[in-house]
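Letters A, B and C name the chains as they come in the text, with residue numbers starting at 1 for each one.
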Amino acid sequence: MLGVGIIKGLAETGRNFIGSYFDRDRLVTVEYPEQRVPLRENFRQFPFLVHDGQDAAIGLRCVACQICEKECPPQCIYIEKSKDKKPDHLGKPQFFPAVFNIDISVCMSCQICVEVCPFDAIKMDQDFELSTADRFGGLLLGKTQLARPNTHFQRIHPREAAEIDTRRADERQKAEAKAKADAEAKAKAAAAAAAGTAAATTTAAVDAAKPVGARPAPTTVPGPASARALPGAGAGTVPAAPSEPGGQV
Amino acid sequence: MLTLDADGKQGGGGGVDRRFEVLPAGVESNGEGGSLLEISMGPQHPSTHGVFRMDVVLDGETVVRLKPVFGYLHRNHEKIAENASYLAAMPYTDRLDYFCSLTNNWAYALAVEKLAGLQVPERAEFLRVITAELTRLQNHVCLAGFLMQDMGASGTPLMYGFREREKILDLFESLTGARMMCNYMRFGGCRTDAPPGWLEEARGVVDRFPRFLDEFENLLSGNEIMMARTQGVGVLTRELAVSASVTGPVLRACGVDYDLRKVDGYGIYPRFHFRVPLGDHGDTYDRYMIRILEMRESLAILRQALDQIPEGPVIDPKAKLRGFRPKPGEAYGRIEAPKGELGFYLISDGTANPYRYRVRPPSLINLTVLEDLCLGHNVADTVTILGSIDIVLGEVDR
Amino acid sequence: MAANVDQIFVHLMQMMVDRVPDAVAPWVRAAVGVGAVLGLFGLLFGLTTVCERKGIARMQNRLGPNRVGPFGFLQFAADGIKSLTKEDVVPRSADRVVHYLAPLALLTPVVLTFLVLPFGRNMVLMHVDTGLLFFFAAGASTELAVFMAGWSSRNKYSLLGAMRAIAQMISYELPFILSTVGVVMIAGTLSTVGIVESQAARPGEWLARWNLFTPWGLAAFLLFLIAAFAEANRSPFDLPEGESEIVAGYFIEYSGFKFALFFMAEYLGMFASSGMAVTLFLGGWTAPVAALDWIPSWLWFFGKLLALIALFIWVRGTTPRLRMDQLMDFAWKFMLPLALLILPVVAVWHYLGGGWRGWLFCTPVLAAAYVLLGRALVGRRRIQRRVYRYAGEGVAS
């Protein structure tokens, strides 16, 4: 009969009208600035650079390998490699980005930079309230704006961060073990070699390669180069006793 | 009928009504003493679903001619993909049909997997089916809502559709990290495994969905105004549909049994039991109802997939993310996207980027029959017919 | 006490008029009355827009406006200020004079219709014997304004909208007026006050004699209401402005406060039609049962009015829009025959003197006519729910 369908429809909207006052399932809206929906762990917005420790200048994981720059589909990353090197968390000397820019007005949040990064250095941030009145400069983020401590990463992506932290700790342990083994081998070699003449140079090398901050397992590198690579790192250097057996010779 | 002389001007013959001559230059006569009205609907029009234009010539309110004009949203997708690595094209496929990024991902991944001969692990296949069917659900609820919006239903059905879509988008967000631009599939599997609790959450959404469908049908499927507006409107004949290579629900509404999930049986679809609803009239109402019925079948697939999903890896260990260079050859991967057959045709010359990359967009090809559907109907019907074809301009213009 | 509250506005007016010289008294009475009605309905317009937005939002499972003022109820003030300060754009090719006059020409007759609505006992601005006639005469002249707006804008969409509006309003004018003739036949007067009084409970009766409580009254009320939806261009008859088709119809080229005036005229028209529906069928300011007579009469009137407006909003939140030819079919092939049929039915009802015999005769006639006309309207197009088949299977539901 004519009109039945419309009356059914009216009943349905009426039910939804009343339901919106009682049923959480029906009124799904939240009043945004005051109320917020908790973000999903996987949620991604724009990339950021992870650094260990508190100082971004020292702890940046990025080694300026430029893979992300190459793979980025909209080409929104710009990297300039440093001239010199600084040790990474394993103590290996690595380049670092002198300039690292991401134009987030171009970035399409695809996460490919994160996937291709072999150093876990770039990750996706969850900060989405990025509106700015400055259309060009405000959306071009530099190295200092992009750097976030690992604790931030642990907070926004706890599952992934835990996984990465364990892996990095393992790597570090392995590297330490290897360094120890190497050092022992070297000590033997040094002992076998004629003592005395080499002592001065070895001491100089150890002084220059003192461990940075909490980083263990230093490796021997040519002294002067290493000293230049870390101009700002001198303050954080722990004046530890030379740990290398070679020094005691 | 209207007679035109060699210059394209009116009249010429002695028997022409004098009244024709009063028409100002550029105004066409309707042959009965009145003039035709040419209206440019769009690109700024509330019901063209994006930046789309219909050049409509009206006699009164009846459509005499209709010319679809598109390309306003052209972003050079194919050329960009040809100049980028295989992986870098993946996030761009999200932006083709921005309602259904996951099915776009799948179609592209399927083409590349064919090209490179990659195997997809079991769990990844299940995740693909689950996400694709969820995509279909949210596409169809939005379509039904937009269709009613085009009919002037004050947005109520649209809001109900969006309410349900929101729950599905939450699922996408927690699985892939983004609500619409998911960029989830990779060659040889999926990017990440489902986070803990995700499958249960998905099951909850699937279980609550039929209640929404029932409500929606209560509200609309039996509504006299809705039926009067859609039945017998925009009839697409089986012959025209097949010869214009229309696919998807629009084709099935004409009664042609062609569903790539059955025909190709890509992925692991042959393992699931589901039916393909067919319409007999090919009008707007059939196109709407086929989608409603398809949603119920999608729910059946989802239930089976969520029950049977095995443990295991989600990506082929042989698949390389970087430096991916398939051997020379060509491949065409196609799937049943919510809007029809979505295909990616790739030619590899052995380098890191495809030599040729071509998309077969269902929206564009379904849109080609628009004029045939609209002729003789009202202006009001053109918007509902356009709505029932279900286009997304991101895919039409690419 | 109850009588005092009931007549409080009448007394206030009397006090005011008593303080001025006799020569200006009629002017003061008119100015105060018109001012009060304009202010009241202006405020009601503002609140209704907010309530409509909030109500429809709730139907759509949203919250609706909730930022300006308590619970968002001052939203209309913000909207008003916005539309006042907006640039008033007039297309270069438009007919400027007609374009300027159209919103005024639309609003004036709509406001005039409020003159004859009895808002309460002894509360009517203009007590004339031909009140109903005045109402329809004033209301019908809005069509001119709509066409003025559509034509002067020189826009193809506005022209289509104006065409639709004229066709629709003229078609629905017929059932709109015809459905009220039965009431006039029973009441024996064209005066709105007389019609309301004829529906009050007689001394000793517990139930009022609302026209709604009769079979023909119910049918005529529904017809009147549907026609009122169409006259007010409200969903599902909002074709003249059909947003998804012709963008905004006849007022597409209006911006700023002129646009707000169109909006206001639409709402005031809705109030006027609802008020007339209350007057004709829902007993005006009378209580439905004699026991509730202690509630002030104006509360009854506005309560019924608001209930009808809620219905308008509810329908708007539910239904899609009709198409032009269907709209015409509905007016000429369904509503008009039914409205015409009501006239003899009312005559028979009057002859039988109402009562159970009246019910026994009228109800089946009207119900049969409704079913048959409805079936004819729908059946010719074979509009029905369909059964769908599945590939490789027989017919399933």
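Here is the rule we use: contacts are C-beta pairs under 8 Å (C-beta built on N, C-alpha and C of every residue); 3 or more make two chains touch, one makes a residue touch a chain.
This is a predicted model, so every value here is computed, not measured.
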Q) Does A-C or B-C have more contacting C-beta pairs? A) B-C
Q | Distance-to-centre winner among chains (Cα means, whole assembly as reference) | A | B
Q. Per the centroid of Cα atoms for each chain, what is the distance between subunit B and subunit C, given in Å?
A. 42
Q: Would you mind pulling out the distance in Å between where the CA atoms of subunit A average out and where those of subunit C do?
A: 66
Q | Per-residue overlap in subunit B, given as positions that touch at least 2 other chains | A | 156, 160, 163, 219-220, 222-227
Q: Check each residue of subunit A and list the ones that touch at least two other chains.
A: 2-3, 6, 9, 12-13, 16, 26, 28
Q.
Can you list every residue of subunit C that touches 2 or more other chains, as numbers and ranges?
A. 59-62, 317-319, 378
Q. In their shared complex, at which residues does subunit C touch subunit A?
A. 55, 58-63, 66, 314-315, 317-319, 334, 370-371, 374-375, 377-378
Q: Spell out the residues on subunit B that touch subunit C in their complex, using ranges where they run on.
A: 37, 39, 45-47, 61, 148-156, 159-160, 163, 219-229, 231-232, 257, 259, 262, 275-281, 285-286, 289-290, 293, 378-381, 383
Q. Which of the residues in subunit B end up touching subunit A in this complex?
A. 84-85, 87-92, 94-95, 156, 160, 163, 166-167, 170, 173-178, 181, 183, 191-192, 195, 208, 215, 218-220, 222-227, 321-322
Q. Subunit B touches which residues of subunit A in the complex?
A. 2-6, 8-9, 11-13, 15-16, 25-26, 28, 40-44, 67, 71-73, 108-112, 115-116, 124, 159
Q.
Could you list, by residue number, the parts of subunit A that touch subunit C in their complex?
A. 1-3, 6, 9-10, 12-14, 16-17, 19-21, 26-29, 31
